[in-house]
Amino acid sequence: MDVDLILRVYPFFLQAAWVTIQLSVLTAVLGLACGSLGAAARLSRLRIFRIIGAVYVSLFRGTPALIQLFILYFGGPQIGIQLDAFEAGVIGLGVNIGAYMTETIRGAIIAIDRGQTEASRTLGLSRWQSMRYVVLPQAARLMIRPLGVNINALIKGTALVAAISVVELTYTAQRYIGSTYKPFEMFLLSGTLYMIIIYATGRGIAWLDRRARIT
Amino acid sequence: PSAASAEELDTIREKGVIRIAMSGAYPPFNFVNEQNQVVGFDPAVGTEIAKRMGLEVEIVTTAWDGIIGGLLANKYDAIVGSMSITEERDKVVDFVGPYYTTKRAVFTKSGSPITSVSQLGDARVGVTLGETHEQWAREQGYSIRTYKGLPELLLELENGRVDAIVNDSIAAILAMKEIGYDFVMVPDLETDVIGAGIAIREGNPQLMAEMQAALDAMMEDGTYLKIAEEWVGGDIR
Amino acid sequence: MTDTAFVEIRNAAKSFGSLQVLRDINLKVERGQIVAIIGPSGSGKSTLLRAINELDPLSSGEIWLEGVQINKKLPHRQYERHVNQVRQDIGMVFQHFNLFPHLTVRENITLAPKLLKGMSAGEANALAEQQLAKVGLMEKIDAYPSQLSGGQKQRVAIARALAMKPKVMLFDEATSALDPELVEEVNLVMKQLAEEHMTMIIVTHEMGFAESVCDRVLFMDGGVVVEEGPPEVIFRNPENERTRAFLRKHLQTNHNR
Amino acid sequence: MSLDFTVVPQFLDVILLGVLWTILITLGASVLSFFVGIFFAIIALYAPWFVRLPFRAFEWLFMGTPLLLQLFLIYFGLIQVGIDLPAFVAGVIGLGLHYAVYNSELIQASILAVDRGQTEAARTLGLSRMQTLRYVVVPQAVRDVIPPIGNNMIALLKDSALVSVIGVSELTLSAQQAIGRTFRPFEFYVTAAAFYYAINLIMEAVQRRIERRIALSR
Amino acid sequence: MTDTAFVEIRNAAKSFGSLQVLRDINLKVERGQIVAIIGPSGSGKSTLLRAINELDPLSSGEIWLEGVQINKKLPHRQYERHVNQVRQDIGMVFQHFNLFPHLTVRENITLAPKLLKGMSAGEANALAEQQLAKVGLMEKIDAYPSQLSGGQKQRVAIARALAMKPKVMLFDEATSALDPELVEEVNLVMKQLAEEHMTMIIVTHEMGFAESVCDRVLFMDGGVVVEEGPPEVIFRNPENERTRAFLRKHLQTNHNR
C-alpha cells in the first residue's frame, strides 16, 4: 500500500468527487423533472399521453444506461445533437433515471387510497384540486424513500460517464492507474469517496423521511 | 465538401483553441502527473503544433475504446494520442504525421516457454480493445482477451491470466522499467515499423496541411528532438 | 320541474361490464324525509348511493335534486364543472370515514369551504367550530385523524360534510366499521340531524336504528327495489318472501338468540 | 455522416455471440443473487452479532460503491491474493453478489412482514422455531418477494453491460468491437440497445407469468 | 396428579410491562366439558387463552393439562422441546384463521402430522380427508386458502387443529371476523365437536351460541373472573352488577332493538 502516493494525489480525487457531486445533483434535478412529467403523463386522462409515458418508461428502463449514454454522446451528432461530455452525461443519466422516478412517483400516487379521492370529489373539489390538496401531499411522503433509492442508484451511475470522458471520480482513478500502475490505492480512494457521498445522501433522505412522517 | 473543410479550420481559428484528445493513461506518451496535469510526449507535441499555428490547446482525456467515436462526433478536433496509422482507420479519418514510429512488440514473462511469435498458436494473448494490435492478433487466430489499456495488460501478464501481451514497444518497455516487471520481448521479425499519427476528421485538407507543416517545422528545428528526449529518452522519428 | 320530488331517481340502471347491478330503480324523497335502504350484500345499495353524486355514474336513467338533473349529459369540461357544483349540495359519509390523514380536524373541515366557497380563514374556522360543536368534538379541533377513535373519526366526517351546507346527506354503512361500543355516538349524531329535518338517505345493516329514525324503508335485492314502505310495515309485516327471509336471517345471525 | 445500418448484418455473428454471453451472465448472476440473497437475509436477521456486524460492513461496501468499481476489484484485485477468476466468472460473481445484497434487503423486509399469526399458528401446532421458519415463514416471504426480485433481475440484465470493462465479450463489448472496425457508433449501439430491449421484454413476460401463477397462493 | 382437573389453571397472573392483564385467575375444566369465556374488550380473554398454550407465557401461576404442567420452568432447549410437545395436544383456532396461504388445504392439514408425527404421505392424506369430511369441505381439498370464503377458511383451520388429535381445543372469537351469513356454518362444526365431547374453551361475543353450547360460562373483566356459573344463571340472572351492565350493553348495541 503506497500511502505516500495516496497522500500526494488525494486532493485531485476530492476535486473529482466534486464533479461527481455536481453531476449527481444536476442529474437528480433533471430526473425529478422527467419523473414528474412522466408520472403526469402516465396518469393522464388522455390516452395519447398515457402511451407516450409508457413508451418512455419502457424504453429507458429496458436498455442499459451505458448504451443510452453512448448513443446520445457518440451517436447524437449524427442526428444533429451536439453536446459536450458533461451535458451529455447529465442529460443521458437524468432522462434515464427519470424513467425510474416516473414509476416511483406514479406508484406513490396510486397507493393513496381511492377513498381519499372519492371523499374530496364528493365535497365538490375538482380533479386537480383533489390531486393538489389531498392526494399529492400524502403521496409526497410515500415517495421520499423510494426516490432515495433511485438517487442512490443515480450516484453510482455517474461512474458510467467516465466512458464518455468526463473526468469524475472513476475516470480520475483510471487515469491515475494508467500513470502509476497502482490500481488498489486508486480504487480505495475513489471507493471511499463514493461511500461518503452515498452515506451522506442516505442520511439526508432519512432525515427528510422522518420529518415528513411527524405529522 | 471543400466548403466545409475551409470552415472547420476557420471555426478553430475563430475560437482560437484546438481541442486534442488522448486517453491520459499511456505513459510516457500521455498520462497524468501527480499534479493531476496531463503530460507526456503527446501533449507536448500537440501543444507545440498548436503554438506554431497560433492556437491555444485544450486537452481532453477519454477512454480509448471511444476515442474515434468522439472525434467523429466532433467532441474534439484531433487525436494526438499515439494512434497507429492503419489503412482501415485512414478510411474514416485523416492522419497527420507520422509523428513517431514504434514497433509491435510481444511480451511474455521471463522463463515462459514461448520464445517466438510462431509459438503463440494457442496461447492466451492480451490486447487493448480497439488498438491495431487487437486486429492483428485476431487475424493470426490467437485466443485473445481484450482490456482497457496497457496497465491492465501488464497486470494480467504479471497475474498469469494471459501468456503474452501485444503492445507498442516503447510504451511497454518504459512501463515495465518503471514498475520493475520482469518481462521479456519475444522476437518478432515480421513486424513493420508502425507510425503514430494525429487523427483529424476527413475532408479538412487545410487543417491537415497546416498541422503537417507545423510538425515538419518542429522536426526541422530541433524542438521535436528536445521533446522526445525529455519524455522518451531518445529520437523516435 | 314542479312535478319532481326533492330528490328523484327515475329508471336508474347500472352495469359494471356484463354485470347488471341496478335495474330500473325509482325513488322519490321529499325535503326533510329520511329513507333507509337495506338489503343483502351485493344487492346494489352502495352503487345506488354512489350514483346519486356521480361517483359511479348510471348507465341509464335520471337523477334529480331540487329540480336540477344531476347526471346531465354534457361536454367534458362543462360536465366536470356541473358535477363539482352539484356535489357541493350532496354530503356523503363513507363506511371507512375517508378523513384526510395529513390534515388536522380543522383543516379537514375547512378545506372544501375555503377552496370552493371562497371563505376566509376566519369564516371557515368559525364554521368548523360550529360543526364540531354539533358533533360534540370541539376539543379535538387540532388533532390529526390518527389521534381519533373510529367513532370520533366518523363524527368528524359528518361535520366535514355538513360544513358544505348540503341539501341532502348520504350515509353508506356509516357505523359498520365501528366497534360495537362506538356505534351509538355516531347514531346519536344522525338522530340529531333527523330532528333538524335534514334530508337523508341511509344505507344500513342496523335494523333497530333504521326503524327508530326513518320515514321510509327500501328493501333492495339483486339490483331492484323489492319492497318499500314505512318501517313498521317493512320490519313487522313485510309482504315479500325475500324481505322476510332476509330479515329472518339477519336477525338470527346478528342477534344470536 | 449519415446513418447506414447496412453495415450491421456483417457483424451479426459477433453481435449474436455477444447476446449469448449477455444471457449467460444474466442467468448465472440472477440465480446466484437469488439464493445468496436468501442466505444473506437469514444471516442478517438471525445470525449472532459477531457474524452480523462484519456482514453489515460487507453489505455497505456493495451498496455504497459503483458496480463498475466492484467488478474491477473482483477481477484485478482477487488475483493479487491468489484467487484467479476467469473474467466471465468474475462478472457473474460481481453482478450476483451486488444484487444478492439488494435481494437480501427485500427478503428481510418480507420475512418481517409475514403475519405474526402465521408463526403463532405454526407454533401452536407444535412446530419448532426452525420448522416454522423453514416451512411457513420463508416460503411465504420468498413468494411475496418474487415480483420485486424479478425487477432486480431485469435491472441486472442492464448492468451486465458493465461487465464489458473486464473484457467479457458480451453485447456491449461486441458492439464496441464492431464499432472499432467500422467506426459507426450510432448504428451498433442502437442495434445493441434493440437486443437488450428484446431480452428485457422476454424477461418481463416471464415475470408476468410467474406472478399470475403465484397469485393463487396468497 | 390425581387431584388436578383435566385442564387446570392456578393463580394465573400476567403483565405486559406495567400493565397487569391477568390477576389471579383460577379455572378447572373437566374432560369433555365446554367452557365459554365472555367479557368486554381488553379484559384479558385472549391473553388467558394464549397463556394456556404458552404463546404468551404467564408471569406467575401454573397451567396443567392432564396432570402435566405446561408452563414448567426448564432450561431453554428442554423448554422448547417440552412446549413443542404439549402444544401438539392443544388445538387452537384464531379469529383470523391463520391458514398458511402458500399451502393448499391438504398441505395445511398434513404439514404438522407429517413433520411431527412422522406420518407418511398416504397416512396424512387419509387423515386430511377424514378431517375435511368432518367439517364438510372434502371438495376443497386442493384449493388454496385464497379460494375459500371466510367460513370455509375457519372450518379448514378447525380441521387442521383436529388433525393433531388434540386433547383440548381453544377457540378465540372464531366467528367474529366472519360475515353474518357465514357464522352459522362454523358454529355448526363447533356444536358437532361438542356432541363428540371434545373438551373446549371458547372465547366468544355470541351470547346465543355460548348459551346453547356451553356447560359453564366465565365472565371476565379487568383481568379477573368476575362471575362464573351455568349459562342459564349467567345470562338470565347474573349476580354481579358488572356482568349485568356488560350483558345489557352488549345486547343493546349488538342487537339494536
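Labels A, B, C, D and E are assigned to the chains in the order they are written; within every chain, residues are numbered from 1.
Rule of thumb we're sticking to: contacts are C-beta pairs under 8 Å (C-beta built on N, C-alpha and C of every residue); 3 or more make two chains touch, one makes a residue touch a chain.
Molecules present, by chain and UniProt name: A, D = Amino acid ABC transporter permease; C, E = Amino acid ABC transporter ATP-binding protein.
What you see is a predicted model, and the numbers here were worked out from it, not measured in a lab.
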Shared interface partners, meaning chains that touch chain C and chain D:
A, E
Suppose you hop from chain B to any chain it touches, then on again the same way; how many hops at least until you reach chain E?
2
Using the touch definition from the top, list the chains contacting both chain A and chain E.
C, D
Quick note, more Cb pairs in contact for B-D or A-D? It is A-D
Which integer distance in Å separates the CA centroid of chain A from that of chain B?
36
Note: chain C sits from chain B at a C-alpha centroid distance in Å of 81
Inter-centroid spacing, chain C versus chain A (mean Cα positions, whole Å)
46
Would you mind pulling out the distance in Å between where the CA atoms of chain C average out and where those of chain E do?
39
Residues touching two or more other chains, restricted to chain C: which are they?
none
Residues of chain D engaged with two or more neighbouring chains:
1, 76, 80, 185
Among chain A residues, those touching two or more other chains are 70, 74-75, 78, 162, 183
Can you list every touching chain pair?
A-B, A-C, A-D, B-D, C-E, D-E
Note which residues of chain E are touching chain C in the complex, please.
41, 179-181, 183-184, 206-209, 211, 249-250, 253-257
Can you tell me which positions in chain B touch chain A when the two form their complex?
21, 23-27, 31-34, 36, 60-63, 65-66, 69-70, 72-75, 148-151, 154-155, 175, 178-179
Over in the complex, which chain D residues touch chain B? Could you list them?
1, 76, 79-80, 84, 86-87, 165, 167, 169, 173, 176-177, 179-181, 183, 185
Listed in rising order, the residues of chain C that touch chain A in the complex are 53, 55, 80, 84-85, 87-88, 90-92, 94, 96, 98-102, 111-112, 115-116, 144, 157, 160-161, 164
Sort out for me which residues of chain A touch chain B in the complex.
5, 8-9, 12, 15, 70, 73-78, 82, 84-85, 162-165, 167, 171-172, 174-179, 181, 183
